[in-house]
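In structure tokens below, several structures.
Both complexes below contain chain A, partnered by chain B and then by chain C.
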Partner chain A sequence: MDRKGVIEMMETFMVLFIIFLLIGIGMYYFFTSSVKEQQTTIKEVCMLDATQMLASVIVIPDIQCSMHSRLEPYCADTAKLLYIKDSARAKALGELGACKKKIVFQRIYPKPEAKNNGTECTPNEPEACGQWTIFEPKPADIKGKASRTMSTPVSLYYPDKREFGMGRLLITTYTS
Partner chain B sequence: MRSKKAQGGEIMGLLVIIILLIVIIAIWVSLSTGPPKTPAATVSNLESNSLLTSMLRTSACEGTDLEDAIEACSEEVVNACGQDSCEMVSKMCDDILTALYPKEFAAPSKMRFVLTAGGKELFSKGDKDFRKKCLDAGKEYVTAETPIFPNIGKIVLEQCPS
Partner chain C sequence: MESVFKYIFAMIAGAFILLFFVNFAMKYISSEENVEAAELVSNFDNQLSIVSTSENGFKEHNLGLERDISFNRGRIVSGTAKKNSTNIVYSPKSLQGVKILLWTKKWVFPYAIDSFYYMSNDKYKYVAISDETSQEFVDTLVKPKEGEISDSFKAVSFTFDKFQSQQSALSRSYSAFKKVRIAYFSDNPSKDTIKKLSSSMKNADVIVIKRADTNDGEWSAGTVSFGQEEAIYVGLPMMIGAIFAEDFENYDFNLKRALGRFREVTGLYMKKAEFMQQRLPSCEGYTGSVGIGGLLKSIMDLGEGDAAKYAELSTALEESNKQNFGADCPSVF
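Our next item is the complex of A and B:
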């Protein structure tokens, strides 16, 4: 092979090398951005899921309050909240969808005593407490994941006193 | 027959076209699969409707809810639950809103709440020029209204979701 041929071949190899290098870099950035975008999509889907859940949790018969056989909108029966925790329904609510969720009803008005603010309401302690956790993912399932909370005001019905208070339904989503 | 040099140039051209096509397809795919956005107004509307409905039904004392107290105040019935009905309405609204939205109603407010009954404003919370400030900041202005039946008045909640 003459000298000119060798130079042309080297030139071709150089061009091919640069082209493959560019393709490689392009693919790397494309896949990196794809992964990031996918994570953003998951977060967005989770938020949409949580938004829908804010409206749908409150109309579940196991939670919604009824007066004179009529279902009340945006109202949770505190007696029902005591018993739905860790039930199959609660588990389905928290685990359904794109990501795991923590579902909590918080007492807001009348304001609970400061010492009871974070205290969980249970069948043994339905009064001196501040919140009802319907579902909470296991710590191992949410370890290292970012959380975001969405909430909406709701009525809380106390059937023993036949009174309505105000509360907040909080849904925390966990995404990686 | 063409020279080898000319053939090499054609191959290069073909490669450039293929690369360009790959880049265009990649950009198109990444743009077409954008995530669906949650409209701030949807969450805001849900929040407003839920707040206004829940507030009206909140018990003031046994057998009397906030809606009854508002009605008493608008009809100038002084006594409700052994207290001045209008004072009780103001106190209850203020307590509920402060407990629910401690940050939103702190100055500068991110919300405005107005309760009107019997043709007069019974209670309001939040900056008076809230709407102007929201629109000046280029944000979306959302308002929700709940009537108090029978033709007693209305509750208006203005929001500026970010």
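Our next item is the complex of A and C:
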């Protein structure tokens, strides 16, 4: 092969190399933006899940108040809340949708004493407490993930005291 | 000559690059379709939970484009995407189309247990057939605007005699449906009637619904037969589920899942009854063999065999909850 031919061959390979390099760079940015877009979609879906759950959790028979077989809207029965934690239903709720969630009912009125604010209500201690955790993801599952909390006011029914109170339902979502 | 080789080389290289981009675009389109299918499948439970906020909610779910979704024993499949749903869904095995009719009904027996979901589309027809033992009930079940079954499914009812007299016309007008589910309601289902219904049209699929022998004489519990196989139903929403279920295997799968949920909620009420007794010792009737706790334990221990027993215990529980508790001693449910 003469010298001119070698140079022309090298030119051609250079052009091809640059074309593939440009394609490679283009694809890298394309996939990077795709992954980012997907992560944003997951976050949005997750927030949407949480918003929907704020309305749907309160109508689950394992939580909703009922009096003489009549269901009360937007009302949680605190006697049921004491026992639902760790049930199959609670697990299904926490794992529903695109991301892990923590679901908590909090007392607002009558206001719990400051020292009891974060105390968990249990069958042995149903009064000197401030919250009922329905589901909490394992720490390993949410390690390094960003959390965001949404809430809605609910009515809390204390059947053992024949009283109603005010509370709120908090749903914390965990996303990468 | 040299330049000819150059052009050939450029054409081959260009063709490879073009092929690469075409292949990439095809793969991208296919992966986008898979992502959409995955989104549809993974968001499915959320769509159900939106509808479940209503006790008797209906939604026409638009899928955007023609899709084939399969529901089989709690598993949803669309394209390459698969997911197990924890919800109790009564539906044909395969729904093809752009729209899904989605309806929910709360299962209360005698306390709220869960929401049942019914799905179908315009390719399926539902026909209820009554005889003299069931006519009154079937008229309330399938009644425009006031019936128990949502009007959106366009279910129709006939007495067997009327159905027979219109059979050829009905067979012609229902021939375009993928399946015509015929639910035959009777206390004494006759084999001859079942045979005639099965052969009435080529796409007919007959189930037989029989009421349990209970004191109140209601249709709230009984048995449902899919050919040779039979299972119980407990409550009207479950009976309606049998009408929408693809086959015995799917109905039985949902029955087991529903009874599992029933035991879970009953267990919760048993714990609540014990808690109430501890907190309100002056109130009677929360626990003990004669209290509501005893009835809850009895109904929880029932298996899948006796629909009449479920109905009796459900009535007893409802009465106990109403009569034993009032302002000072709140009801359990």
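Worth a mention:
In this section, the second predicted complex is superposed on the first by the 173 of 176 C-alpha atoms of A that agree within 3 Å, B and C clash if a C-alpha of one lies under 4 Å from a C-alpha of the other, contacts with A are read in each partner's own complex, and residues count from 1 in each chain.
By our rule, contacts are C-beta pairs under 8 Å (C-beta built on N, C-alpha and C of every residue); 3 or more make two chains touch, one makes a residue touch a chain.
For clarity, every value in this text was computed on a predicted model and none was experimentally measured.
In the superposition on chain A, no contact is made by A:Tyr28 with either chain B or chain C. Of the two partner chains, chain B and chain C are each touched by A:Ala55. Of the two partner chains, chain B is the only one that A:Met150 touches; chain C does not reach it. Within the superposed three-chain model, A:Ser69 lies in touch with chain C and out of touch with chain B [touch as defined at top]. Of the two partner chains placed by the overlay, only chain C lies in contact with A:Ile84; chain B stays clear of it. In the superposition on chain A, A:Val45 contacts both chain B and chain C. By the touch criterion defined above, A:Phe17 lies against neither chain B nor chain C after alignment on the C-alpha atoms of chain A. Residue overlap on chain A between the chain B contacts of one complex and the chain C contacts of the other covers 8, 12, 19, 23, 45, 48, 55, 162. Across the complex, chain A meets chain B through its residues 8, 12, 15, 19, 22-23, 26, 30, 33-34, 37, 40-41, 43-45, 47-48, 51, 54-55, 58, 72-75, 108-109, 111, 150, 152-155, 162-166, 168.
Remark: chain A residues 8, 12, 16, 19, 23, 45, 48-49, 52-53, 55-56, 59, 61-62, 64, 66-69, 71, 77, 79-80, 82-84, 87-89, 92, 96-98, 123, 126, 159-160, 162 touch chain C in the complex. Taken together, the chain B residues at the contact with chain A in this complex read 4-5, 8, 12, 15, 19, 22-23, 26, 30, 33-38, 42-43, 46-47, 49-51, 53-55, 57-59, 62, 65, 95-96, 99-100. Chain C contributes residues 6, 9, 13, 17, 20, 39, 42-43, 45-46, 49-50, 52-53, 55, 86, 106, 108, 110-114, 261, 264-265, 268, 271-272, 275-276, 279-280, 318, 321-322, 325, 327-328, 330-331, 333 to its touches with chain A in the complex.
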